[in-house]
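Across the two complexes that follow, chain A remains constant while its partner is chain B and subsequently chain C.
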Partner chain A sequence: MEVEQIMSIHIQDIEKRFGGFIALRGVDLEIKKGELLALLGPSGSGKTTLLRIIAGLEAPDAGVLSLDGEDAGVKKARERGIGFVFQHYALFRHKTVLQNVAFGLEVLPWRRRPGRNEIRRRALDILKLVQLDWTADRLPSQLSGGQRQRVALARALVLEPKYLLLDEPFGALDAKVRKELRRWLRRLHEQVGVTSIFVTHDQEEALELADRVVILNEGRIEQVGTPDEVYSHPANPFVTQFLGSVNLFHGRIRDGVAQVGTWEVDAPEHAGASGAVFAFVRPHEIELRRRFIGKAAVLAQVRQVRSFGSAVKLDLTREEGDGWLEVELSHEEFQNLRPQVGEWLLARPRRFRIFPQPSEAARWTA
Partner chain B sequence: MGAAIGLLAKTKEVPRTRATTESWLVRLALIALALTFLFFFLLIPLVEVFQKAFEKGLGAYWQAIQDPETRSAIRLTLITAGIAVPLNLFFGLVSAWAIAKFEFRGKNLLITLIDLPFSVSPVISGMIYVLLFGTQGLLGPFLVEHDIKIIFTPVAIVLATIFVTFPFVSRELIPLMQAQGREEEEAAMTMGAGGLRTFFKITLPNIKWGLLYGVILCNARAMGEFGAVSVVSGHIRGLTNTMPLQIEILYNEYQFVPAFAVASLLALLALFTLAAKGIVEWRSNKS
Partner chain C sequence: MAPFFRRRHRVLPGFGLTLGFTVFYLSVIVLIPLSTLFIKTASLSWGEFWNVIGSARVLAAFKLSFLASLVAASINTVFGLLVAWVLVRYNFPFKRIIDGLVDLPFALPTAVAGIALTSLYSGNGWLGSFFESYGIKTAYSPLGIVIALTFIGLPFVVRTVQPILADLPAENEEAAACLGAGRLKTFWKVLLPELKPALWTGFALAFARALGEYGSVVFISGNMPMKTEITPLLIMTKLDQFDYAGATAIAVLMLVVSFLILLFINLINWRTHRILAPR
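On to the complex of A and B.
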């Protein structure tokens, strides 16, 4: 993002609880002007609550939210200049598509409200932007899921909001439509340039679409960064496990060197730590051979081979202890090796991600 | 792909097979049983009401309805419904709104309380008012002191009717509003609409058919209520008799033609209600 690096939304120490459930436990976040930000996390992580607080649909119990440098605590939802796209679209079911989109203009205070023809023109313009002007006179119930989603977007954009907030925007759509809409939203964002935040539990969606990803868990932010940063350099075991499949090994660390099974792994970043560690290996970071010369490896039996898409996925069981091993081979590697179900092979991780085991170990391994 | 779609379309058209339906004999027997039951227990009595009412000709029917006491009973019934229905429309809307759209303490208690008039016998509902407002009642001394009469006046009839018909509108709206959720209202608010505008432009159009349905049922019950009204009325002729009470009095005096004439009016109301209910259901299914 070479665009002006101005902080647009400033969130400081926001807390929120619903009865006994703590949704947010002190969240700090800065959102840049014009960026497309993903709030990613499992259900119950507080991501939707955070979005609704920014929108003014919920009030935080503690903390400060400022929009463009102004404290938003006293501003009602309708005074914040936000466009909100709801998970289930929340289109007005008794209004036509055009009436849905025009609603925001019709309820403007009369001094700022454009004339009837102007309202119609602007609503149609924005419908053209989402390529749905031909549905103007239909009811939402006559549209497909993907079309409804785009109407909801048009409706949120018609007031030219400063912030576009989307709650699980593609959650209710099937995989193909989801992919198309994702690409389409990315283009729209480049075209309109409005600061946008979307909530998702789909890590692929967040990584593909967003400029930056915020990973939330149990009401806390685990990591903030570009898709590449969070995927390649996860800050902790949770992020590692949440962003894609991972194999877990156990080991111990001392003086910056982790002992994982028969492997010795350098981990200078944890030089001060000692004790138990988690060692994570992504499926594509494992080598499978019939024999390794002079290198340590573990013995594992092939249980299942799933060959589709860009890679071949193998499920293996380890000879000792820790259960399953998931391995991803390229088709070329697979053709060279030709592993059979039931066959015993040697597996060797190319790379480990070492994290000292926290005392409350249960939190990560669940 | 094309073949797969063709297959799907075909399976949709396949008629119900023996596996999914009963034999024609069972179906016929069930339908016949239901129709016979309806015929003897609903249709014959209804026809009987009109037959008795017109037994002595149109003139006698007209005269029976022209009777001043009967006319006063009709008027009181209309006034009672005219007060009770709008009030319960308002209360019902407010309570359903509160229950369906907000979380608060004591919500379940409120739902139970709304159902109370349905769960107690109407006679007991009437007794409650006597116990409250009667001369021997809780507020009796206060009312006597200030020379306010409630029991055995039309006021008591209106109060009892409001109590008995309270649940109709809210019971109809609560499930509807709960199913519709809050998202549309929230969407309207993020787009700048205030509370009142949101209610009239978004909420009300979404619930209008359910609301009308509740009002129709509420009105039918308000006009037809007997038990609760009977207890608080005192049966003062020409003053505190509603149509159902007037029917009973006439019947007990062996004035069959007038009794059934008034009864036929209530029966007509019932038929009208059924028709209106049917239309509303049809419209709400369509929308």
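On to the complex of A and C.
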């Protein structure tokens, strides 16, 4: 019983195809009441389709969706108590900001519709919440992109929805506004406390904003977890590569020990596996030196140095193979080393993430 | 001398040239021919002018012409929207052919249309005999005129609304649905306001076309003075009687009234356009 109380949205084995394109291949997900969840994935991963299915704008081909323990399959979009914010705002351009926000109240069946003054008051209250009450009589075309997005949010919130769904809410905004709005949405979520799901392809946005992140790829969920869990303990090569830059090494594993180049890495979690492995290293997990005493390292040549921002980023080419090596140093480390473009340096990873490579046969049957 | 128009840099130059050509072109094609109407009418004194205009037969023809055109344009607005809706929103077999059918009233010689409609709607025609059995006279009555005018005005609303409807983002309707609006409310409150300018334009075009229509109506109307005689026909009758000044007097009045109506519709449209202009 208690579990059902906490679970707000329950998704079971949802499938969806558009013609020959399979958008979702059996997705299971549980969304807790009051949480801020991110659906993260590359384009075509099915994240927007999943959001639209929850909203009732798309019908799944198979699977069960329940909202607050009730099967939502029979409910139309307008009966689900959902606030939806579209990527391109979808504001009614012939209506003023206030009329846009009041729309949800205006179209209530007359028995439940509040009076004119009440509608106006409630719409203005929500506009105040998004700090845009001063634009009430303007048209959407007279607002900036960030303001339009906030109006769209206000419009979705006016009916006090149980779930707030946002499709790429910051996708069409410039970097600075996006950052501001992100912080602002986080505050708003704490204030209103409505269960919220947003779709994004920007891993930084998802990791910074969400309580939990769902990573989708090719219609499947790759991993679900808190930002810290998915970033520090990615479940597979896809998640590792998708959440930030990464350097790839190849190796082989046997009896829980991976042999990557000249390094031996313990990987007890893959004790049963044998064969080829991927070994991933994040840019800040690589040490650069002019010499390592008694330790194995690879030789790499500095190609480019970018020293703006919080860290210094170096692009190097490895001596063996044709791979690039991306390294992040703190400004302090950089000052100590002072590497020159064209200089040969020794690189040594501090930490590997080992994943057995799926064999060709396994990949085709999956 | 201060320039009349503030000069602004544009990527595509040639404002002066194109404006000059536009004025010249409109003068040659529209203004000069029409001005001869006014010149010819001026040969009448005010008293004679009012005599021509104020005669019961002319007034009846005016009333019939404007009313029938108004009704036909209104019918076309409603059903033109419906046709455009079906053509844009749904896929069905032979859609291209049906889409092409819409333009036929443009291409057909109006006399052909008139004869075809008359034989269909006259007392012994297929549809005419059906209506007659209920006591409704279609051909040779004002109703017949409305039918003919509806036929020739069909493409205008369809072709003005179609592209606008096709460009409307589906998100607007989805947003309305998420906010609890049913189909009817979504149509009235979200779709219709977006389509209004196109509907007005289509209505104005269909109305103007109907006012000037002659070829198809003369066959189906029966041309009874005071009853089923439209203004363009009256003008032709005057010309047949070598009453050139009388004919132009009627034409001038018709021109002025039509221009005022079209101007009014355009003013409404400019207002909504100003609201909607920046997307």
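Here are some notes:
Following the convention adopted for this analysis, the second predicted complex is superposed on the first by the 353 of 366 C-alpha atoms of A that agree within 3 Å, B and C clash if a C-alpha of one lies under 4 Å from a C-alpha of the other, contacts with A are read in each partner's own complex, and residues count from 1 in each chain.
Throughout what follows, a residue touches a chain if its C-beta (ideal position, glycine included) is under 8 Å from a C-beta of that chain, and two chains touch if they have at least 3 such contacts.
Predicted, not measured: the structure shown is a model, and the values here were computed from it.
Per the definitions stated earlier, placing chain B and chain C onto a shared chain A by superposition produces a clash between them. Looking at the shared chain after the overlay, A:39 reaches neither chain B nor chain C.
When the shared chain is aligned, no partner comes close enough to touch A:253: not chain B, not chain C.
Residue contacts after overlaying the shared chain place A:327 against neither chain B nor chain C.
After overlaying the two complexes on the shared chain, residue contacts for A:54 are found with neither chain B nor chain C.
When the shared chain is aligned, no partner comes close enough to touch A:72: not chain B, not chain C.
Counting contacts by the rule stated earlier, residues 55, 57, 76-78, 82-84, 86, 88, 90-94, 103-104, 107-108, 155-156, 159 of chain A appear in both its interface with chain B and its interface with chain C. Remark: chain B residues 183-184, 186-194, 197, 201-202, 205-206, 287 touch chain A in the complex.
Interface residues of chain C facing chain A in the complex, by the touch rule stated above, are 169, 171-172, 174-182, 185, 189-190, 193-194, 272, 275-279.
Listed in rising order, the residues of chain A touching chain B in the complex are 55-57, 76-78, 82-84, 86, 88, 90-94, 103-104, 107-108, 155-156, 159.
Those residues of chain A whose C-beta lies close enough to touch chain C in the complex are 55, 57, 76-78, 82-84, 86, 88, 90-95, 103-104, 106-108, 139, 141, 155-156, 159.
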